[in-house]
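Next, two complexes with chain A in common: one pairs it with chain B, the other with chain C.
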Partner chain A sequence: MANDKDFFICRCEEVTLREIEEVIDEGYHTIDDVKRITRAGMGLCQGRSCGKVIARIISQKTGKPLEEVLQTGYRFPVRTEKLKALEEEGPSDAENN
Partner chain B sequence: MEEREVVVIGAGPAGLSAALEAARSGAHVLLVDENSKPGGQLFKQIHKFFGSRDHRAGVRGIDIGTQLLEEADALRIEVWLDAEVCGIFNQRDVWIVRNKEKSVNVRAQRIIIATGAVENSVNFPGWSLPGVMGAGAAQTMINLHRVLPGYKVLMVGSGNVGVIVSYQLLQAGADVKAIVEAAPRLGGYGVHTAKVRRAGVPFHTSHTVLEARGTDHVESATIVQIDDKWQPIPGTEKVLDVDTICIAAGLTPLVELAFAAGCEPLYSPLLGGMVPWHDASMCTSIPSIYIAGDISGVEEASTAMEEGRMAGLSAAHSLGYVAEHDYEVGFKAAEQRMLALRSGLFGQKRRDAKAAIMAQTRG
Partner chain C sequence: MVQSYDVLVIGGGIIGLSCGYYLTKQGKRVVVLESGGFADGASGACDDMILFQSKKPGINLELAFESLELYKSLVGELEDSLGFANYGGMVLIENERELEVMEEFVMQQRSYGLDVEILTKAAMRKKQPFLHERFIASTYSPMDSQAYPFAVMHKFARKGRQMGMQVVHKSPVVGIQKDGTGDFLVTTAQNMQYRAPHVVNAAGAWAGKVADLIGLNVPMEPRRGQIIITEKIPAIGETNLWSAKYLVTKLKPGIQIDSTEEEKRLGLAFALTRTEGDSYLIGSTREFVGYDKRTTMEGIRAIINQAVSFIPVLKDVNFIRAIAGLRPATPDGKMVLGEHAGVSGFFTAAGHEGDGISLAPITGKLLADMVCEGRSDARLEELSPNRFASNAKEVS
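Showing the complex of A and B:
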């Protein structure tokens, strides 16, 4: 039981440690890759709970420094909102940076 | 589009202090918070704070919170609650969703991000059973909502959060069965640790939680000793009769807003991971964006308040509200107070980590 890998790492999208390790073995070595293949980090909490854990797993399995794995992109909106909240007045059309 | 001189994001200890300082200096401030009450974590801190009188030592967090809110009222600071900031565009346009219903864009001349931090999770078989929760969540339940999350608790982590929440769980009527600490040494301040020890709670260093068992909630936890490579030592497992497992394994700065806005990141493991680069005035690599509190590196409420004052003063100064001489005096005083907070065995490490951030050149 203690070596069982079938427990969730991403609770929102119900992605297990086994699934995450499998895609890393397949060659997906960034947080973004793992997210796109497994949906880990795409749920309600938007990776605020599992992101760091997934980074650590990638780092341990690939030998990439944690600092490098943690360099990931962030996009707006940083909170989950209903589409109706965007109807009134969306974000300005301005480009970022 | 609405316009404000200074928009402060997050009304916890850092954000409130920043808003007060900027408003006192004469700037027009809008303070926004996603919660329906301001104060952040202050209102669940029922213990007395450390530090000197300058840092309101000996005063309980809840009383500091009340005091800060009264000051904000007196200064007529505009506060939006149930307001989630979803983005920052053009380095100054703040996209806010109010009451989960309506988007409002506010053009700010200066933005102070004080979003705080999130609790780290620890994953093990059974961790998603009801009864496993962050220590901070348990603290919110007992101190804010007056609900006991369980009767028999295992605390994972012996840092300040672990020992303080353990003590408050005891006060609330729970039985804390054990505190496990993965490191070979305990992590919390002596005063807090000693209180829990005197109450008879056993501490297990070099131990971690292996699994939780139960059908629809936690019914037991297995702990195990770990070696110097953090690997479990077979045969050292112990099963504890608990219904609650609290995780106090540190915090991670809530940086997504700052990084998506384009602030330069920096890695500081001691301060919780990736943090926005900032200078001593709390200004990020984007001149219109300041940060304060746990987002700039996880520390304590007392340092968060000092950083908030520094950010508020500096933002107001950059808008021309503070005379040069007054700014120099205020800046030096804030620096001195922070230095005092970052002294001693624990403080020195944070002081060095902060110095390392500021020593980096702007990205």
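Showing the complex of A and C:
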């Protein structure tokens, strides 16, 4: 029977709660650290679904306040875009941050 | 409070972690001081290539061969696949002039033992059916490989920790002194102090600033590389790709290649690699813009226009992220590796520019040999930091 920690937190990259907790236990306590090591949040949704859940897990495991863990930026583009949308000149609704 | 170690490594990117790992493996007590978090600098914002075809025959190509062998043994040693793969690589040739330069270059590389050849248009298209019609030929090397930088860094850190290595994040170094005992005393922004008889400056694009803290000269300029990342898509070709234009301008700066002003300003070159996550990384720019590591609309648009002109089907692919990293660039295009003549016990291992992933394992291993055994083979002389010591100060 599957363990209760073997479910996906990040569905885009199929990263489980167990994998995320292991990395936190190794001493990686920021969303960026966890993302870079596990790939959670690197997929199509870019962490928009799982980012806050991961922040909450980090907060619960480390005792750091949630607001502190949540301080991170999103990489351009803010939404996914077809390459051809930027191929032509002109403004785009994907903005740098 | 002062903590004592055998070696302080400044910089927790792939080079610093490799140095830390190999030093720890040789029995040294090591702390790696990283100014940011995990993979915060260039090692976390790059592609994943272990390229041979881009290396000038000479020390860089020799070390790349040795590094590849180390990667193969690290897969077992670090108990992880490290995203190591061997898809091979092709350099795309647009015209006769590029073909001429590449033919000569391929001959030189073959004489150094690199398995590389020129493919006809038909053979090229068989491997890369989605290429634009205009390419007349390409090179092909089955040796070009790749590794996933995040996995390599994480496993260097994990295995290193198991053997006693410390890695401390968010600890920018603000002071380096040598005290009466001959030890170095390194101070971080949090006012923590670390003491050791050896310091390794592996601070990448910041290596010049770190050397400056103890009065040494390491000429290092940050060179921004922007890259875009696509969604997961099925494979669009057999190998990784890049453009001859980049190699020709790097190897034969005298040759005039048709480039637009924008291409020159951005240092635009085509590079395409399939990642661990089945996305493609498409690059890239090589720009001197100081320590600004933001992505720009100009850069991203130039990369996209170029990519679609090379492989038209990419226009319907989504890109999900753009990244930028500061490659550490030296004036002569070679890394800096060795002990500084003026300050014994102070080493620099930095300046790999676009070769950091390729050369990380061999850099760490050679550095550890130098620190532990005072040994440095003669062929590494040309990488010594002392090559800049005499004249560089006068110039600046």
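FYI, the second predicted complex is superposed on the first by the 86 of 97 C-alpha atoms of A that agree within 3 Å, B and C clash if a C-alpha of one lies under 4 Å from a C-alpha of the other, contacts with A are read in each partner's own complex, and residues count from 1 in each chain.
Operating definition for what follows: contacts are C-beta pairs under 8 Å (C-beta built on N, C-alpha and C of every residue); 3 or more make two chains touch, one makes a residue touch a chain.
Everything numeric in this text was worked out from a predicted model, so none of it was measured.
Participant: Which partner does A:7 reach: the first (chain B), the second (chain C), both, or neither?
Facilitator: A:7: touches chain B, not chain C.
Participant: Give the label of whichever partner, chain B or chain C, reaches more residues of chain A.
Facilitator: The partner with more contacted residues on chain A is B.
Participant: Thinking of the overlay built on chain A, is A:30 touched by chain B (first), by chain C (second), by both, or by neither?
Facilitator: A:30 sits against chain C, while chain B stays out of touch.
Participant: Could you say whether A:82 touches chain B, chain C, both of them, or neither, answering first, second, both or neither?
Facilitator: After superposing on A, A:82 lies in contact with both chain B and chain C.
Participant: Which partner does A:42 contact after superposing on A: first (chain B), second (chain C), both, neither?
Facilitator: In the superposed model, A:42 contacts chain C only, not chain B.
Participant: Please identify the positions on chain A that touch both chain B and chain C, taking each partner from its own complex.
Facilitator: Shared contact residues on chain A (touching chain B in one complex, chain C in the other): 46, 75-77, 81-82, 84, 86-87, 89, 92, 96.
Participant: Help me check something: in the complex, which residues belonging to chain C touch chain A?
Facilitator: Listed in rising order, the residues of chain C that touch chain A are 37-40, 44, 150, 154, 158, 161, 167, 169, 230-232, 276-277, 294-297, 300-301, 304-305, 307-308, 314-323.
Participant: Touching residues of chain A toward chain C in the complex: what are they?
Facilitator: That would be residues 13, 26-28, 30, 32-33, 36-37, 39, 42-44, 46, 75-77, 80-84, 86-87, 89, 92, 96 of chain A.
Participant: Report the residues of chain B in contact with chain A in the complex, numbered from low to high.
Facilitator: 1, 34, 84-91, 93, 95, 97, 100-105, 118, 120-121, 123-128, 210-211, 222, 224, 232, 237, 252, 254-257, 259-262, 265, 267, 269, 273-274
Participant: List the residues on chain A that touch chain B in their complex, please.
Facilitator: 1-2, 4, 6-9, 11, 17, 46, 48-50, 52-53, 66-67, 70-71, 74-79, 81-82, 84-92, 94-97
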